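Next, two complexes with subunit A in common: one pairs it with subunit B, the other with subunit C.
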Partner chain A sequence: MNLKNIRVVYNKERMDMLRDRRTVFNMLLFPLIMFPIISIGFNRMENMFREKAKKEAAQIMVLGAAHAPELDARLRASGKFEILPLAADFKQQISDKKLRAAVEFSPGFEQALHAAGGVSPTLTLYFYRTELRSELAVRGLEELIGKYRTEIVQGRVVSQGMSAASLTPVITKEQNVASAEKVSGVRMGAIIPYFIIIFCLMGALHPAMDLTAGEKERGTLETILASAVSRGELVMGKFLLVLTTSLITAVISLISYSATLKFAPSAAARGVSGAAKDMTIHFSLQAVLMVFVMVLPLAVLFAATLVAISLMARSYKEAQSYTGPIMLAAIVPAIASILPGIELNPALALIPVLNVSLVSKELLSGSLPWASIAVVFISTSFYAAIALAIAVLQFQREEVLFRA
Partner chain B sequence: MAARNIGIVFRKELMDMLRDRRTIVSSILVPILTFPLLMLGFGVLATIVVRKATKESPTVMILGESNAPALAKLLREDKQFEVVPPANDYVQRINDKKLRAVVEFPAGFEDNIRSKPNEPQTLTIYHYEGEFRSQNVLNNLEESVEKYNATVVASRVAAAKMPAAVLSAFDSKKENVASAEKVTGNILGMILPYFVIILCLTGAMYPAMDSTAGEKERGTIETILASPVGRTDLVIGKFLLVLTFSIVTTALSVLSFSGSVLVGAEMLSRVTKSFVLALSAKSAAVVFLMIVPLAAVFSALLLAISLIARSYREAQTYVGPLIFIVILPGMASMLPGIELNNRLALVPILNVSLVAKDIFAGQYHWNQIGLIFASTCVYAALALYVAVRQFNREEVLFRS
Partner chain C sequence: MPDAPLISVRDLSKHFRTFKRREGVWGAIRNLVKRDYQAVHAVDRVTFEIQRGDMVGYIGPNGAGKSTTIKMLTGILVPTGGEIRSNGFVPWEQRRQYVKTIGVVFGQRTQLWWDIAVVESFKLLRKIYDVSQRDYDERMELFNHVLKLKDYLDTPVRKLSLGERMRCDLAAALLHNPPILFLDEPTIGLDVVAKDHIRQFLKEINQRYRTTVLLTTHDLDDIEELCKRIMIIDHGRLLYDGPLALLKQKLLRTKQVKFVVKDSEQAARLPALENDGLKIEPVDHLTYRIVFDRTKISVADLLRQILAEVEVRDLLIEDEPIEEIVKRIYAGEALKEVSA
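Let's look at the complex of A and B:
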């Protein structure tokens, strides 16, 4: 193999690529606009609706209000609820989302509360499980009722000569000991590796198909095979170009994502973590660089696999139908890292794609598990080498190159 | 316009399509296989994760154990936690996820509880904020402390010669009044409309590009234009083919999805027992009815757009962004708290997504269903009109 020849092939392919408007779009524009749209657009919208749903007074119905005049007055005064007149079909109305929830007081509710040592009265909350607004309304009701209950109990205890404080013997204090970097790491660390992996794959997809099946389609493959460049050099040149576009796409997506976080941190962070809490994002440059080191062999694996597979196709369109399933096969393990509670262990460190996304999650949360990093890096490099060997082998086989 | 001519164009395009292996793969095999494979993959992964999480009990450290022998004993006997001996580097170990949480009792904790009933005692739980397992342990520890609290309060009340019922004041019950169909339909209705809409679009994409830009690329468009078939017949024939593919792809995916969900629900019901899946044939039929005009909008729009391109690949470039335009309103069904009203019923795509959500949840607003059907039909007619016009413009057909 001759480095100069590889470079010639590489330069030729690069020139070819950049002439194509579609490549430029896929490589540069698409990852650039993706993040702002997804993270700001969708998440802000979701939050807007969630907040709106929270603020809106929920329509509720109070059954047996006469049995609990005080609690009924509190419900009316709270401003959180819009109390509708009684109707017999309240259950149906809740099911139809016309009514969010209903409270029912048993006969003589407050009377029983104030009569010392009587039976405990009952209240029932009716709601629609899984329906957001109904669940929110019930939560609001429970909060108000809980406060009322505490007051009643305190009043009873105090009247018997005990102090109100004696009802809470132990106060639990929660103390977070993880650094800010680690806290944002577990929140954002899950989603960032996923995006980098997907973009790595998407960046490699089009050039891999165009450089192999596309060349067959245009009838230029024979010409290039007849040139003085050897098969091995040809594959390496093509492969390196695919790798370059894959990495460029990944880098651009990362930059776009960081910029989104920087300029609209609250929207993006809220969307990803699901928490409305005010939070700052802390990522060290070192962690991000380490993630790139881990992604490098993965990009090699993707590029080589895609080149080997799309070489089998006779046309660009046929190549698309072969690479489609590959996309799916890569997305599933990449998503898996988002699942809460899945952590890196020696067995998982050997599963391609999943291992990189899990180790990146660790890296972004500020830990440096060197042993796992080494296992993941070496195993991915090993898979990448196999894929590259297969790609070179494919190029030696006439029945693959000239499939009829 | 002649129905016979349209039929001829349709049959010609259909034959063309079915000869292509990619069509079979992308519009039949992929939709059938996608959902079962995704389900299987996630199912297997989720089982592994859950099994592992339940098998290993999280590690907890107790500091100042001698200050609270009774509560510490309660924690040690709890099989949920694995209590490790105290060490000084606990903060580091929590950060490294080797230790999930630490409970610290101050000096004289239980003595003070016994001797000073009017002074609440404070214990501290150190944890890793946001980390899934650490949060779980924190919640479980707080629950245990709550239980301990309750026993202490009960004994204090008993010591003051009060009945235990004083503390509960009243019973409160929560009752779900929605039927099982509505409960699961509410969840299914969030995901399913989105998938159906996206599939509808992707199903139409390939045939639309192939029968316009593809024909240009193959140089066959001149031949077909020279035939006695009118332009309008040609467009409608092509349009009907694209529509057929879009609907077939969507129907197949929904069938395959329902199949895998049914099997998945079987498995789930063994675990959770309460999971009842209820997708009625009526809701599926009504949603299908809503989807047909939407598929027509997509088909006509894709035809009009890809006709501008000179080659199949150029067409892909133009059509690609369309996916993003469709995804956002399509996702509306996933947004919590957004509900259909008469104004939203006129917004294309969004309206179908929202009404499908309600239909899956067993709710039929017939006037809105009618409104959405009618408005989507109007949009479809408009898109089809644009497509016909495009086919009449030589500068679009023979762009150089």
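Let's look at the complex of A and C:
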């Protein structure tokens, strides 16, 4: 194998690739704009829904308002409800979603409440279960009535000569001892390797198919095979370009993600991971670099596998159906690492994709498990070497290159 | 004593394994489970030699094994059996050194890169083949002159017409001035003018550089214009290898006489000529044709008969078109005559 020839092949493929808008979009633009759009978009949408829900007062009906004038007044004053005039078919109206809910006070409700030693009066809430806005209206009613209930209880306790504090004999307090990096790392760390892995794969996918099956489809494979470049040099040139696009895509996605976190942190955090609103996010540069070192052999594995698989296809379209299962096989372990409770152990450290994903999670949460890092790196490199060897062998096989 | 042949092929064979597809839905399902393989003899014990400076036509119907032979000669495919010695190399073993001494053009393929300007492809090829800048410039000038490439050197290949692309492909294949040029259907799909351009160019480089050319084609005009020697292959077997003239001489059984009579009165007397198995076919108004076996009746005799009977205004004697001969060869009936 001759480095000069590999470079010639590489440069040729790169030039070809950059003329193709599809690649440029997949490789550069898509990862760049995806994070801001997802996070800011989610944030906007959430705010929009909240605003809308706030503005909209729930229509309710109060039956037997005369029995509870005080509560009735509070309901009217809260501003959360629009109280409609009484109608006999209120149940039907709730079913028809014209009315959100209705509250019915039993006769002599407040009288019974203020009379000492009496029976507890009842209050009935009518609503439609599974209808979101009806349930929200009932929750609002319960909240208001609950507050009223606490006041009544407090009033009774005080009137008996006891302090209001006696109602809460124990107060619990929570104190978080984990560092900010640890908290954000565990939450973000779970999701970031997933994105890097997906983008690594996505960046490699199109060029891998285009440089192999696409070449067959365009009918340029025979001629390039007849040129003064050995098959080994041809594979290496093509493979290196696929690897490059894969890594570029991953780096850009990470930069875009970091920038989104920096400039719109709450939006990004909520949008991508559903984490707390006021969470601060920071990783050490060292951790991020280590993650990249771990991803490197994985990117080689992806690029080589995709090249080897797509070469078997006769057309770009056929290659897409061949690479589908590969995508799935890579995404499932990547997702598995997000699940809580899956921790790195010696057995999992040997499973490709999952191991890198898990070790990256550890790295981003601030720990440096050297033994696992070594196992993951070596095993992934081993798989990558096998995949690359297979890709090279594929290019020697006539039945693969010239499938009829 | 003649020079040692530039290309020497002995007992060359290439077998493929293809699996037989069963018919219907049930057949398709069974195909998934169990496959019956079938050996296809794409090229079967082919032997030939080509001398330096020769231009040889390689013809045969679709699937005859032409392209497979070319792929083996260019080192893309490894033969199942037999030997190739081309320009001193065994193509598939010393492919790298060997391909620097050959040029290849696949008519339905292109070695120019689809999305990039033609000139970029040339520059890359220059690097791959280690062509010096001076040689490159010199050759580009020749190509510009003969092939008129200048106008579309900066156009991406996908925007070129087929004829333009083929010219660029030829230039690309000859950039490193190889002594051998393999052409797989170089004129396929081209219009008459483009075909003529390509043929003139091939003649020119053959004369100027003594480039040895082996070309496969379906277009027998290519052969008639360019090649003195033809090889005919079908079902992987070489059926004929020899001069085009000899093939014609041996296989040209029939000739045809086309003539125009003076008026319809003369035309009415024609049936009198129809004896000894001679048949007169009308071609056009007052124009008639007689196809005859030259082993049975000489041209002179036939003309005498015609002129004795009718008044002729115009007359044309033609050989059987070469297509007809080749058709007969493919059909298998001519095989015995050639070996006889």
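Going forward, the second predicted complex is superposed on the first by the 283 of 404 C-alpha atoms of A that agree within 3 Å, B and C clash if a C-alpha of one lies under 4 Å from a C-alpha of the other, contacts with A are read in each partner's own complex, and residues count from 1 in each chain.
By our rule, contacts are C-beta pairs under 8 Å (C-beta built on N, C-alpha and C of every residue); 3 or more make two chains touch, one makes a residue touch a chain.
This one's a predicted model, so the numbers in the text were calculated from it and none came from an experiment.
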| item | value |
| --- | --- |
| Partner chain(s) touched by A:230 [first = subunit B, second = subunit C, both, neither] | second |
| Which of subunit B and subunit C A:12 touches, first, second, both or neither | second |
| First, second, both or neither for A:91, with subunit B first and subunit C second | first |
| Touching partner for A:126 - first (subunit B), second (subunit C), both, neither | first |
| When both partners are placed on the shared chain, which of subunit B and subunit C touches more of subunit A | B |
| First, second, both or neither for A:398, with subunit B first and subunit C second | second |
| Touching partner for A:145 - first (subunit B), second (subunit C), both, neither | first |
| Touching partner for A:219 - first (subunit B), second (subunit C), both, neither | second |
| Set intersection of subunit A contacts, subunit C complex versus subunit B complex | none |
| Subunit A-facing residues of subunit B, complex | 21-22, 25-26, 30, 34, 37-38, 41-42, 45-46, 49, 53, 90-91, 94-97, 102, 113, 117-133, 138, 142, 145, 148-149, 152-153, 156-157, 160, 162-163, 165-179, 182-184, 186-187, 312-314, 316-317, 320, 324, 328, 331, 335-339, 362-363 |
| Partner subunit B, residues of subunit A touching it in the complex | 21-22, 25, 30, 37, 41-42, 45-46, 49-50, 52-53, 91, 94-97, 109, 112-113, 117, 119-133, 138, 142, 145, 149, 152-153, 156-157, 160-163, 165-179, 182-184, 186-187, 273, 316-318, 320-321, 324-325, 328, 332, 336, 339-343, 366-367 |
| Interface residues, subunit A side, partner subunit C - complex | 5, 8, 11-12, 15-16, 19-20, 218-230, 398-399, 402, 404 |
| Interface residues, subunit C side, partner subunit A - complex | 16-18, 71, 74-78, 95-96, 99-100, 104, 106, 108-111, 113-116, 120, 124-125, 127-129, 156 |
